[in-house]
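Look at the two complexes coming up: chain A is in both, with chain B in one and chain C in the other.
This part shows the complex of A and B:
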């Protein structure tokens, strides 16, 4: 019996081993280098201006994201909004378009104005990342018990209900969203690089490129590491034992009270959608004046297109499977109950991909690891080290919404733990699997900083190609290649959505979610 | 559904692993710091002609050349690269001095001053370090004629250049160090910083910012200015210091890496890059490079080598100076 039990957890232990091998070695390298630190060395580096710029970028990005996402969240999170699927699709667009393309579109709009600086960078990043807190806010709003609002309506007006009841109830979701935006913004390399801003991340990249000195690179990253450590601890506390993503988007859920009248909602929504979402796309498409250039660019970029699709799809699939196995294990073994463990698991996610890539080069660039380092697998290691902690947390959240009684029933029927996982839990994790697959896919396709450092010779992703082309300024070629990038983002998810729709129509939908009774 | 996912995963992994390994004998790895938009068509031409697959690594604008050089140094115990195509010369010589290059007997003629007498590297298709001005902001009669005008008070906050730690800008600094001495160079950069000269991410960024009128003029390369003029930017090129120390002339260089995984294919790439056809293509590409190996007329708007007063420098000396000068420059910038 014991041997059978041991065997049934083997797959989870294997996934956990992968997780440890992929995610924690760069963190260990960082810690070892930090232990060799000398205070005088940091002082000589000159980090005041980069540090100040990084903080301005991240803070501006978080604040602006809140200003956009909170009103939108209150619109989409209300019961009167009848088309939740529509908003999910439309608001994926800012996440799909890589941030550096959005930056380029806005820079070109103000072509004669010397626009730039960390504030502008922060605003651009907020336009790219605002769907993240928006989804979290909507998740939170859809959990609110409508009876609270109904009772409050007897004595309070709607503004008072929103400020005294609704927003205090969703503050963990707001705070989580802001922290995620802060982390994404402070570690983003492409936009500050395009704008020529001297911040911690660009200094880290260029310094490593000049001197290839691992210790010095990590010393430069110290302020960022401290901030990231603190924020990952905070994030851990906020989301600990809390279901921070709701997978139930049925129209019957949501708040009753809204700050907007119906027509104002429509106007606000249209303005936001046009300005923020459609503008970068329109600005790109208008550059394409001839089909011939489009055809030539497509032909030249075909190899990159192929690399991008294959690498990101297979990487996302592999990492999603690891995430599901680890997420299930972490949730059922109650890893998330421990605050310190929360912070440790989330910490690699908060580190910039450039720093992770520097550490990965240091660890894996050896003859015995050539099968990894010299092949595209090194990219999967980089992406895993950055995104696995987040996706595992998301899946754990989803697992927590599945009643344990279902698994207990399976175990009572003499199924092994793995069979329970495979036949009972996995079918219920359909939406979660789609979400993390899509998330990893978008993030890996747009990833530039770390990918540039580790990508093997002969492999080129569309993001890197476009990022290089942006410097040469031929906007027609950039625009045409960007269309290929957007296509590469849409193809796999469209394929999966079609499959899911077919399954739903055939009545085989297994993605229903059960709320856990506490 | 799960079986389909698993099958897809296995097929993808097959393509990643095995697809990557098929036909390794018919491939060559080239690291190139010449802009991808110009170097890629040349390398594709080689692929088409020989059937040998080129795995190229391009450098990004922000860390031009030095990024690839340091990558080669980091990989020296286990080289992945076969051929290094540098868009300048000093860093190639630095690699030679560190024992990272392998000599190769090129079948053609040796060009004095542009080829290594020990045959570790060969030069072709060159560029100059030039001044780019915005025609709408700078009157031609009062336009800058020397790089020394960077520290002239009348140009305060109106000038930009690329970070002097990378690419041809770093080479330019090393050349000035050789002619002026290191102390004078450091003083020059300090004065430039006091005069609010802006240091930006690359020569093409210099050109773009000058073209937009953000700055009146800047220091960049001939190929960046030429490509901007072709695109209709309101800019003009000036050969600096024609009455003084002369203009720095920087050739592309190509070299074979010691311990290269595919040396024979690497030699074929070198022969191809040093051919008349390549130099002609580079001169006719949007970069307007200046032919030096073969008698080819440069495109209109690009000067001939014989028409320029060239800065007299010893590139071997510059390579030694670079290691001393770069950390000092970094502390100022």
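This part shows the complex of A and C:
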């Protein structure tokens, strides 16, 4: 009997093995190099300025994005805002457009020269990442029982309810958003590079590109590794037992009290969307003065377009499947209950992709691994090492919403563990699968720093092409290629949205588990 | 199907949930397990179903050991049907798919025509034929209960476990379901905390309090119990009984 039970978990163990092989070797390299460390070596590198700049960038980005996302979240999360769908879809644009394109748009709009301090860089990054805390805040608000506010209405005014009841209830979501923004900003390579800011990531990248010295790279990154470890531990505590990312934007739930009147909400929403998202992009795309330029650029970039679509789609699909299997196993085996395990699993996600790429080069750049290192598979390993911990966590949250009795009823209906997973769990995880597929897809398409370090010769993604063009290319060509990039991002998203709509219409998505229809 | 439980013990961490439970049930017998909330009723059912493993003890189903320190027969091989408190109907499948999934995945393969025949027989019996293409979330509570019963019975289980499935039904509907349960020709364990159910079923009753089986017998025999806990509990129940019948 024991053998059969083991057999039914084979697929999960295989996925777990992939997870271990992809995610943890870079972390082990970091730990080994840390053990060899000499204190004098760190002091001699002179890292005060890069660190100061990195911290300014990450802090500015976190605070500024909170300033944008909190009021917007309170608007979209309130019950009186009936149809937030359009706004929510439009607010996906900053996440979809790669940060370096947003940076370029803003530079061309105001500065016209590729210079700007760390504060400017932080603001640009906040404009790219603010939808993350926004969705978290909306997600948190939609889970608040409106009776909590209704009971407070008897003794408090609207502002007091907001500050004393609503915001304290969603603080874990706000804090999670801030930590994620901090991590994304401190590890972002493309924007500081375009703005010419000497920060930790750019130093890490340039030092490794010149010297190929692993130990020195790890030394440079030590304080950042400590920050990342601390933040991943904090993140683990905050999101423990919490559904933290959700597509649940049904208008029936959500907070009741809002300090904004209805018309003010719409005006505020439109102003923010126009100023932050559409205006800079329109200014970039107005550079395309003729269709001929567009046609020529499309023809030149077709190969990159093809590489981008194939690599990101196959990578996302593979990593999503591993995420589904591992996320299910981690949730059902109660991995997330342990704070330390939480932090260990999330730690690789908090590390900069440039550092991961450096470690991956050290591990896989050997003759026996040439089948991996000299092919695009190395990109999937890099993306997996960075994003698998996050997507597994997201899937685990979706699994936690499926009552365990559904699976037990399956077992009692003569289904094996694998068939329960296939017939009951997987269909109910449909929306989670779409979410992580889409997330990995856009993150891999936009990723530049780590990809530049490990991409095999002869392969060029659109991101890399645009990133190179930004440094020495014509703005018209950059704008035209950017359209291709946005197209490549929109194709699968449109497909997924159609699928999601069909699922919702059929009432088949996992959200329907909790729907009270009758 | 005969069922025999010997010295079943279960603890969660350091908290004991079940203490030395001994129980035997003959083929076709109906047993009602009565007890206050948190007394271990659901845990006992889950252990019998194989969804949880006891820390100690032995379970014998139809003469075959299903559970002891060395052996664990998984739930799908125990020939047991169970109706959960929340019914656990799969929301992404239609009523037909919910009922037929178990038949389709049986070790002994059945062809589609036979599956349809069996499903139609069951749904006709429970009056849910017109809901076959509907999703469970679009049905009323009573209709969902019928679907859950049909799903459990379509596999013709030797033992049916019912974990307070009718607790949120109104009296009329509950009455109807209890009649249905009585008419089933299979071994049944029915868990409840309501005295109305035991009076209506008039079956053998096991009194489970704080993880211990305090008394077992016909409702009228329970009055003679010597356990003080059982006496206290029955006193509470008679109060409920009076209230229910007065109103």
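Worth pointing out:
Here is the rule we use: the second predicted complex is superposed on the first by the 490 of 518 C-alpha atoms of A that agree within 3 Å, B and C clash if a C-alpha of one lies under 4 Å from a C-alpha of the other, contacts with A are read in each partner's own complex, and residues count from 1 in each chain.
One rule holds in what follows: a contact is a pair of C-beta atoms (placed from the backbone, for glycine too) under 8 Å apart; a residue touches a chain by one contact, two chains touch by 3 or more.
Values in this document were obtained by computation on a predicted structure and should not be read as measured data.
With both structures placed on the common chain, the touch criterion links A:405 to chain C but leaves chain B unconnected. Judged by the touch definition given at the top, the superposed model places A:467 against chain B, while chain C stays out of reach.
In the superposition on chain A, contact of A:292 is made with neither chain B nor chain C.
Within the superposed three-chain model, A:414 lies in touch with chain C and out of touch with chain B [touch as defined at top].
In the superposition on chain A, contact of A:423 is made with chain C only, not with chain B.
The partner that reaches more residues of chain A, of the two candidates chain B and chain C, is B.
In the superposed pair of complexes, A:317 makes contact with chain B only, with no contact to chain C.
Counting contacts by the rule stated earlier, no residue of chain A appears in both its interface with chain B and its interface with chain C. Remark: chain A residues 111-112, 114, 193, 196, 202, 205-206, 209-212, 300, 310-311, 313-314, 317-318, 321, 361, 365-367, 370, 374-377, 422, 426, 452, 455-460, 465, 467-469, 471-474, 477, 499, 503 touch chain B in the complex.
By the touch criterion given at the top, residues 1-2, 4-5, 403, 405-406, 408-416, 419, 423-424, 427-428, 430, 507-508, 510, 512-513, 515, 517-518 of chain A touch chain C in their complex. Across the interface of their complex, chain A is touched by residues 1-2, 5, 8-9, 12-13, 15-17, 20, 27, 29-31, 35-37, 40, 53-58, 60-63, 66-67, 70-71, 73-75, 78, 80-81, 163, 165-166, 200-202, 204-205, 208, 212-214, 227-228, 231, 326, 330 of chain B. Listed in rising order, the residues of chain C touching chain A in the complex are 46, 49-51, 71-76, 80-82, 84, 86, 88-93, 101-102, 105-107, 135, 137-141, 151-152, 155.
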